[in-house]
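What follows is a set of notes on a single structure, which appears directly below.
Here the chain labels run A, B and C in written order, and each chain numbers its own residues starting at 1.
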């Protein structure tokens, strides 16, 4: 159990380090950085490399945004395997719906509960 | 002739000024000279933009009250802000109900408004005119950058948009009041800077060009001034301006005359990164602290150079550079 | 002075990005967020009928719920200023981008404001994720069809 925590910390931290380097050295905006990481996750999934990373690092691989690209591609690949051409389009959100639906629902609830404040501390 | 340099023979006076600020500006080093500090950034309104409007109205009201005037005696109202199409100032102008021209020079609006008001006064067309500018942190951030609660990392060169409104009452020359002797309308400088989190570097060349232009046109040197104060170059932009001036031949002693409102605004508080910015920054410093120094006689002649970055979120996303401008007013006190 | 000389001058006088410091902070914050995610995963596995694989979904939802609270109380932007990519890259950063836009645009109403702007910042992530997943699946399907590889 301790080992899983350490693996999650190290792998998750390293993915964030790649993001920080893209922002600081590559001079990219956060939106560009996150888009690149998502695309990377999808490509790794295509090569079948992301699922082993999840087995290895647990939340260290499922929590970073790369996991989002992986689940999208994973869903599309699984459906494509079952249904061929049609599956490429239909399967995409099968695995990944929870992140987007949670963001929409909590975004809406957040808008109901809070208002933006210009606080600094 | 030196283009853009204007001399006002009748020396219109700054009769009074009103400066109101938001809650965070309580931490400004200039706070003792602000007229009103709001505890609520919304000024008890529903939206940031409405709060912004109320602060503009309040600053105008305070300036008029100091001379026991009402808004009916006002001939012109000239000002602007940074919100799309300047709606807060437009709504405030509807409340004030005097002839109105909206001014957009980004964060240089405080001095460009004063220049227009001085010209109207010089022409004899204005007895009392209000000129100034305002900005509101939340309203501006969401428009130019990200939602206020978005967790993006800002670099050390980023500046904090102030919540402030500053308006000056410009009238015919009056003994014992600071007066506007001359002004320079600056040229737009574009040195191909494109980082919207580094405004100081974008604006320093505009300040440099306007200062040089003004001194040349007026046949003055830096020694003629007690202070040359730029608007909001910030803690990174100010040293860049000073280096440009040093390369143009100014000595270290002379450079001590050059100060910046944005760099000094929040003192050394690291939370505000490179200091203050926004149209309300120069307006709230020039029309509070600097006017007080002039009135008390501690300063006799100052050059106020408000600096503005003329970018829009669209121009940044389309990878265009940031054009900038600086407008200067020379204010003296007998 | 020309723009090229000026660029040199301003670079010289501007503070450098403390890359090493930023990277360390991103590692620390990102690592901690993922460790918290791991703890939540274990919680769902121990108390509900989830496996290591399936616990990912409730974990992500829970993390976004936490991001909502931190965003609403104005704390996520402080975390973001310290952690940089460390708080932007985890799914909580995705949540923060969605939730902060929703809260910000509340003043324009729930349909045009919240509904219309909720994906203002995070939309590009979804677009690029979906398009790249489509291409990945399409290419793989073609390769399988022509017999270069198998599923």
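Criterion: contacts are C-beta pairs under 8 Å (C-beta built on N, C-alpha and C of every residue); 3 or more make two chains touch, one makes a residue touch a chain.
No experiment lies behind these values; they were computed from the predicted model shown.
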item	value
Chain labels contacting subunit A and also subunit B	C
Reference subunit B; chain at largest CA-centroid distance	A
Between the pairs B-C and A-C, the one where more C-beta pairs touch	A-C
Whole-Å separation of chain centres (CA-atom averages), subunit A against subunit B	44
CA centroid of subunit B to CA centroid of subunit C, Å	38
Geometric centre distance via CA averages, subunit C-subunit A, whole Å	7
Subunit C: positions in contact with at least two other chains	17, 22, 71-72, 74, 78, 83-85, 88, 93, 97, 99-101, 103-105, 121
Two or more partner chains touched - positions in subunit B	142, 147-149, 152-153
Where subunit A touches two or more other chains, by residue	23, 30, 114, 116-117, 121
Contact footprint of subunit C on subunit A as seen in their complex	1, 4-5, 8-25, 30-31, 33-35, 37-39, 41-43, 45-46, 54-55, 58-60, 62-69, 72-73, 75-77, 79-81, 84-85, 87-89, 91-92, 98-104, 106-111, 113-117, 119, 121
In the complex with subunit B, residue positions of subunit A that touch it	23, 30, 114, 116-118, 120-121
Subunit A partner contacts - residues on subunit C that touch it in the complex	17, 19, 22-23, 26-42, 52-53, 56-61, 63-65, 67-68, 71-74, 78, 83-86, 88-95, 97-106, 110, 114, 118, 121-122, 124-130, 132-141, 151
Subunit A partner contacts - residues on subunit B that touch it in the complex	22, 24, 41, 137-138, 141-142, 147-149, 152-153, 160, 163, 271-272
Touch list for subunit C against partner subunit B, complex	1, 3, 6-7, 9-10, 13-15, 17, 22, 71-72, 74, 76-81, 83-85, 87-88, 93, 96-97, 99-101, 103-105, 107, 120-121
